[in-house]
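Please find the structures below.
Look for subunit A in each of the two complexes below; its partner is subunit B in the first and subunit C in the second.
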Partner chain A sequence: MSLITTLGRLEAVRAGHAQPAATVRHRRLSDRPLVLVPLTTAGETGAPLGALVGTDRAAPRLLAVPQPRDRDLRFAFLAELADVVLPYIDGYAESVEAAERTETDPETGKRVKVEVELCAEAPQLIVPSRAGIDLVRLLGRSMRFRRTAEQDPEAPHPAPPRVPLLGRWLTHFGERARVPGSSLLTALSELLARHWTTGQSGLEDQHLGALLAWIDPPEGVPGAEAALRAELARDADGQLLCPPAGPATDPAFDNRLLAPAVERYDRARTALAAAEDGLEADDRLGALTAAEREIRALVESRTRPTWDAVWHGIDLLRTLPEGAHVEERWTRDRWSFTGHRDRVLAGEPPQPRRDDAVTAANKLAAREREQARLDAQEALDDPLVMAGRRLAGEAFAGEVTDVVLAYTEGRRPSPRPLVTVRTDDRPHLGERARVHRSLDGRPQSAEFAGYAPDEGAGDGEGALVVLRIMDKMGRGREPEAGSVPEKGDRVCFTLFEHEQRGGAKLPDAERTPWTHGGPPGGSDAPEPADPVTEEDVL
Partner chain B sequence: MTAHARETVPDPGAAAARATEAILHDTLHGTHRGVVVDSPPGAGKSTLVVRAALELAEAGRPLMVVAQTNAQVDDLVLRLAEKNPELPVGRLHSSDTDAYDKALDELPQVRTSAKAGDLAGLGVVLSTAAKWAHVKTDEPWRHAIVDEAYQMRSDALLAVAGLFERALFVGDPGQLDPFSIVGGEQWAGLSYDPSASAVTTLLAHNPQLPQHRLPVSWRLPASAAPLVSDAFYPYTRFRSGTDHGDRRLVFAVPSDGSGPDRVVDEAAVSGWGLLELPARHTPRTDPEAVRAVAAVVGRLLERGGAATSERSPDPVPLTADRIAVGTAHRDQAAAVRAALAERGVRDVTVDTANRLQGREFDVTVVLHPLSGRPDATAFHLETGRLCVLASRHRHACIVVCRAGVGDLLDDHPSTEPVQLGVTVKFPDGWEANHAVLAHLREHRVSWAP
Partner chain C sequence: MPPPRTRGTALRQRLADLRGPGVQAKALDARALAALAANPGCRRRAILDGAGVDKAALADALGVPSGFGQSQFAFMRGNAFEARVKADGGAELLRLVHRTLDPGAEPPGRAEVPDLTAAGPEGRVARTALALREATGAPGGTGAWTLLDHPLLALDVAGSPAFLEPDAVVVHPDGGWTVVEIKSFPMLDGSADPGKVGAAARQAAVYVLALEEVAARLDPAPPVRQRVLLVCPKDFSNLPTASAVDVRKQRAVTARQLTRLTRIEDIADALPGGVCFSPGLPAAQLTAAVETVPASYAPECLAACELAFHCRARSRAAGAVTALGRSVRAELGGLSTVDDVLAAAHGEAGDPGDPAVAALRRAAALRTEALALAAAPGADGPRDPARAGREVSPCR
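Entry: the complex of A and B
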């Protein structure tokens, strides 16, 4: 935990409510996000119990699985989910703008510009918590290799049409969510925790109710008390007043409400199957429908508070203006979305179960680059984030007290002005360390030349840092106007770079070297779905 | 009796020479595409790399050398040039300013360039893994030497492995593992996990490769080798190349009875010292502990230390450049530097474990990674971190620490999730920390500043 986070938490405790951790919003919030509040059943990994899903906060679509262990009912749930999610995604796939991309020409091997389509907007999925993202990934994994009756008439348990496609999309969203700074699929609790610092631990921040209680406590109630109530308060029946954001449910709910309801549903279904005539069947069908309705009501009762909390959180986030670099990162999300749209349209097979060596290395390199870029951009966009970096000795701000023009030696001397900055920060400047500042959005670098003797300063805190400006001063002997700070200017230099260099190109997968097992073998046949086990057909 | 003992325990020089011969034989004449050499701290890894490079060059095999940092590459170039001034050597460097050590410009046989094409035809070309990754070639090098291979990430090896046909991989498995700034859990357990070490991936795909081990540490004194070997290399033990009494550290100025002086004396006699401050939870840059570190360093210099070793019969003065301070975090290092500057101490190396890897000093002063902490995270428990900090010295190592780390360890057993397919590393940091702490307790000086 960084020093500024620790300070923020202490201040939050003292103030009784969360403190801002950012002055701008560092992630894109779509105008029309698709919110998904899923629930799972205890005892089986990723078995859906139900969900609230939709783009209209007033009218979510309720999906429920009355018997979560029944594979047919689960498929019906997934098919219904596909009916909501896929049209939403398709809505963004059609509106495109022209863009350019550099590609390697397969014949000449040269890098050439190609005219391509870029989707004008991208969909955004919001789930309440990190565990929700994991579930999205898991659902994607469980669906994308399924075969529909149309694809494979022999498949023993054919999936409803469009379910494998939903699996591919959810997989893509889940994978993209691993890229730092991306917004295609985000967890609301993480968004909130990024922008506010509460007076509780990071672990407790994962409880959406408690987190919101700190950020926006009810009138007159301290955050700590409201958070405790959100976590623990139960009604007369022993049920949590603020149900967990899921996907896991509270055991008290499972045992006292859900299990008996599912049992009633099972009995009604068995009774219906045993009905001997039409009249009896009608009666029993009514009983079955009632049992199902009861479970739907239970699911809604546990998801609706979370649904409202998610929208409340979105409202809070929308009060913050968007950070300057967010648009740029969102554009990469749009590229990612467009790329996957194109792969689906081109009839490519679903994402493989495991990345090959080259893909894995490329993904890791891309994510490291994005993480470094995100860290730099957030600091540049937001003085509060920069304050954290300054406190950590990774940046410093101050006033220019002196500028001396100096030049490189050689036939064509270039300017290397020496700029003295008085700062109260304590940056970890090593000998000849490189520092950077933003000059109209472009990074200008300087070299740490030493500390100037500080005359007359009695407070002992400040220091005079002498920097040698190295670039972005034009080609002439004299630096261009405005390219060198002037006496009296406020400047902020960072020890970290503002832009990330691209890494080296890795070999193609077919040229994986012997140290990494050689080229991945295997055929072009699509990967088979997971074999059906006994546990799958209880 | 003596004869028998000599038979079972050959002298360290002979044991090391035998290991080196076997490694060079496999490298030059073996049939496998790779040879892996595990080298404990100070076991002559660089000497081995230089010797193998010279022999491969002599055999007329074009050789590329991959190291991890520019400092390591420059160091190897200088060593090669020293051993064989006739050998033409290429130093491939990046196009940044100060990309390489300017001392190389004075060597006529060393050609430097930012383009691999300019160095074609030279017997040996050296560069960092990051720079090699940008090199394209149609004709791979016949041979490569990969230095510090355990600190190289698997994805870095993937980027360069197409450049060579066969390779010698040398490294220290006990030091810090490579790390990534983003999570790589999704690939954990895959043989080619890109965030794993290069050697892990290499051996997962090529388990038949010959693996050697250098058995003798020439750096660590007889007082340190058994502890470091037991705590960090319990299954691949090594020993010290020198014996008790071969090295001595004495001070001209007698102790003033203070904590720092007492711990300096303890370390001079036994090779280890623990300066224990009263238990307390502190911020990372614990001002008292930082001042205590600075005080120990200050006294080491003020008391006129002299080190006697097998290198020279006469005592060599213990100067600032022979002392290092090791910390876990960069802000701690910065705080220690500031405290030393206040005392007027210059030229003492102060750095984090990551940056002290591969370096050697006469005396090291270590700010214990767990000192003053309320918790023990995986970062602070990492085996390699403590191993690096406890194995940089030729004479003595002094640890500064708040009391209560033993209890802290007991309160925080390792809780990292077990990943399928990932070989569990033994010993884990928890175990190694306890082993080191138990040993240090015998050399404890309690002090309330």
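Entry: the complex of A and C
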């Protein structure tokens, strides 16, 4: 954490409400995000208990599993979830625009441009917290290898038809969420913590209610007090007034409310199964429906506050203007979405349990590259982020005090103007270090030529940095107008590059060297489904 | 009160007084011990745990309940899974140990499962030690597998004994001992949540330490294996799968931290007379009693200590910057309160020659500049309607 963030936290403590950690919004917020507030059953691996899901804040769809250990009920939940999520995703898969992509021609081996489709917009899934993202991944993993009755008529416990497809999509969303700066699947608490600094620790910021209490405390209540209430206040029955954002539930809720309700449901179901005639069955069916309704009400009571909090958070984020580079990163999300759409359409098998060496290396390289890109772009978009980089000596800002035109030696001299910048920052400039600035959105680079003697106030603060501008000045002998800073201009140079270069190219998966396990075992057979056991939990 | 005969009984009496009359001591478990070792500087936790005070009850009595609790769903499933792993005389468990840790040994056929019941914790500890000695036999082992189901081990923690109950300990045919930890979080495609595995490893390291004490009393001392067996449900099923976890590092860290714990005697001696932590006392008196022992609160405590909310409230009230995270404290040099730091940052106090103060002032200046730039009219800065009017100059 940079000292600037730390100061922000301390200022927040004193002010009693959160302080800005960003001056622009660094992530895309879709106009129509799909919000998912899931709950799981404690102890069972990701076994869903219920969820609120939907795109309309006023009308979420409530899903509940009255007996989380019952496989059929879990499948019914997942099928219902698929009914909401898949049409939402499909809605974005159809509208496309033409785009170009460079691909290696398989015959000639040359890089050629090909016309491809790019989805005009992409879906966005928002969950309350980081744990919600993990659950999306887990649900994806649990569903994508399932077999439906159509695929495998013999197997016991077939999955409902669209469940494996939902598993593949959730896996893709979960995988994409690991790419820095991506917005296909995001956790609201992380978005908020990125844009506001609260007066509590980062650990405590993971509590969505407490985080929101700091950012937007009720009128006249200090943030710390509001956050404490969100964290701990309980009603007369010992239930939290602000239920945790999940997916885990509060143990007091499990033990005092949920467990008795599940037990009542079980009893009603056993009674119904034992009913001897139609009349009796009708009565008992009524009892069962009532028990189920009770559990649905319980699930709604724990998810609705979080649902409202998520939309409240979205409202707060929307008040920030979008950063200049967000659109570009969102386009990468659209490519990612389009790519997976194409893989699904092409009938490719679900994502494997484990990536092969080349895919894994590619993923890691992509994440590192995107992290570097995100760091650079956020700094360029946001003076507050840039301030952190300046404090760290990775950038400097100042006023141009002198410009001297100079040229390269040679038959066709090119301009290499020397620009002197007075700065109070302390960049870590090595000899002939490259620095960069943004010139109408494109990076211009310069070379550090040395420090000029400072005749002004020699109070130790500030330095005169001489830079030799290297490029983006046109082809002529004279630099193009506006391409060289003028005396009196405010400029900001960074020591990091603005655009990321791709790393070394990795071989195709079929040419994986033996050091990395050799080519992936050439079985084209689809990965087997998880074995179904009697006590299967998900 | 009759005069104490020895220093040991004196301490025991002193700790009993701290607990309060008629209050049973709460045994330290491995989880608490691992948490204690993670924050060795906290005297409050050390004395309360050492005296066997029920911190959850104490937190309730202080009016800041801990919020720790276990869902009965998780509890039931954890028990069901453990029972399944140990079913049938531990056949499945021993098969896992054999395959994962000791494939060279002869496969476990019928294993010894000695009865470990005895009266009282001391009795159970003695029974466990005896069973371990019998199962180990002559140097080189007895050639048979033995499973100890829920043995009880004792470990000296800062001068008072803690009783620890691992899920199981296995004695190999060659006489080596292995700690088995059974957890109900899943191992998905061969990997599990690293945070949970880390916690399990720290817990197992405590058992390894305790086992080593038992082993040291045997001659020759049988080897305590430094790789423990972590048993978890496989993927989404209820079937067990296992993985060997090397706990040498955690063991070394825990051992070092335990030696660093201030001796409980010393803490107890520093307390004023008449201090008592009995949950039956009024809240004001308890608050004063708790205040007599210094704590070292950090946000990590929230996940590990029942008293954390109380300590947090005190820490915040005192304006301690550590309440915002240990890393925050680390970069602020000698400044430890919010007011000191802000005064230094805004040039109201502090020595500008101090590098920490100089860095703070630069940070404050840069932050103010950036916020002013963003808020300047015309610039496409942020306007937060929720905040409008309230946040004109966050850095004065």
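Quick note on the criterion: the second predicted complex is superposed on the first by the 532 of 538 C-alpha atoms of A that agree within 3 Å, B and C clash if a C-alpha of one lies under 4 Å from a C-alpha of the other, contacts with A are read in each partner's own complex, and residues count from 1 in each chain.
One rule holds for everything that comes next: a residue touches a chain if its C-beta (ideal position, glycine included) is under 8 Å from a C-beta of that chain, and two chains touch if they have at least 3 such contacts.
In this text the structure is predicted, and so the values were computed from the model without any measurement.
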Requested in this report: Look at A:R141 in the shared chain and tell me whether it touches subunit B only, subunit C only, both, or neither; answer first, second, both or neither.
Outcome: second
Requested in this report: Tell me which partner A:V114 touches in the superposition: subunit B (first), subunit C (second), both or neither.
Outcome: neither
**Report entry** Partner, of subunit C and subunit B, that touches more residues belonging to subunit A
**Finding:** C
Requested in this report: Look at A:A360 in the shared chain and tell me whether it touches subunit B only, subunit C only, both, or neither; answer first, second, both or neither.
Outcome: first
Report task. Would you check which partner chain A:H428 touches, where first means subunit B only, second means subunit C only, and both and neither mean what they say? Result -> first
Report task. Name the contact category of A:A273: first (subunit B only), second (subunit C only), both, or neither. Result -> neither
Report summary line: Both subunit B and subunit C touch subunit A at residues 3, 354
Query raised in the report: subunit B touches which residues of subunit A in the complex?
Result: 3, 178, 180, 354-358, 360-361, 363-365, 367-368, 370-372, 392-393, 426, 428, 432, 503-504, 506-507, 511-518
Query raised in the report: In their shared complex, at which residues does subunit B touch subunit A?
Result: 33-34, 98, 130, 133-134, 154-155, 157-159, 161-162, 180-184, 186-187, 190-195, 198, 201-202, 205-206, 283, 330-331, 334
Report task. Spell out the residues on subunit C that touch subunit A in their complex, using ranges where they run on. Result -> 64-65, 67, 69-78, 184-186, 188-190, 233, 235-239, 299-300, 302-303, 309, 316, 319, 321, 323-325, 327-328, 331-332, 338, 341-342, 345, 359-360, 362-364, 366-367, 369-371, 373-375, 380-387, 390-391, 394-395
Query raised in the report: What does subunit A use to touch subunit C in their complex?
Result: 1-4, 6-11, 13-15, 17, 19-20, 22-24, 41-46, 68, 138, 141-142, 199-204, 215-216, 224, 232, 249-252, 254-255, 258-259, 316, 319-321, 353-354, 382-384, 386-388, 390-391, 530-531, 533, 535-538
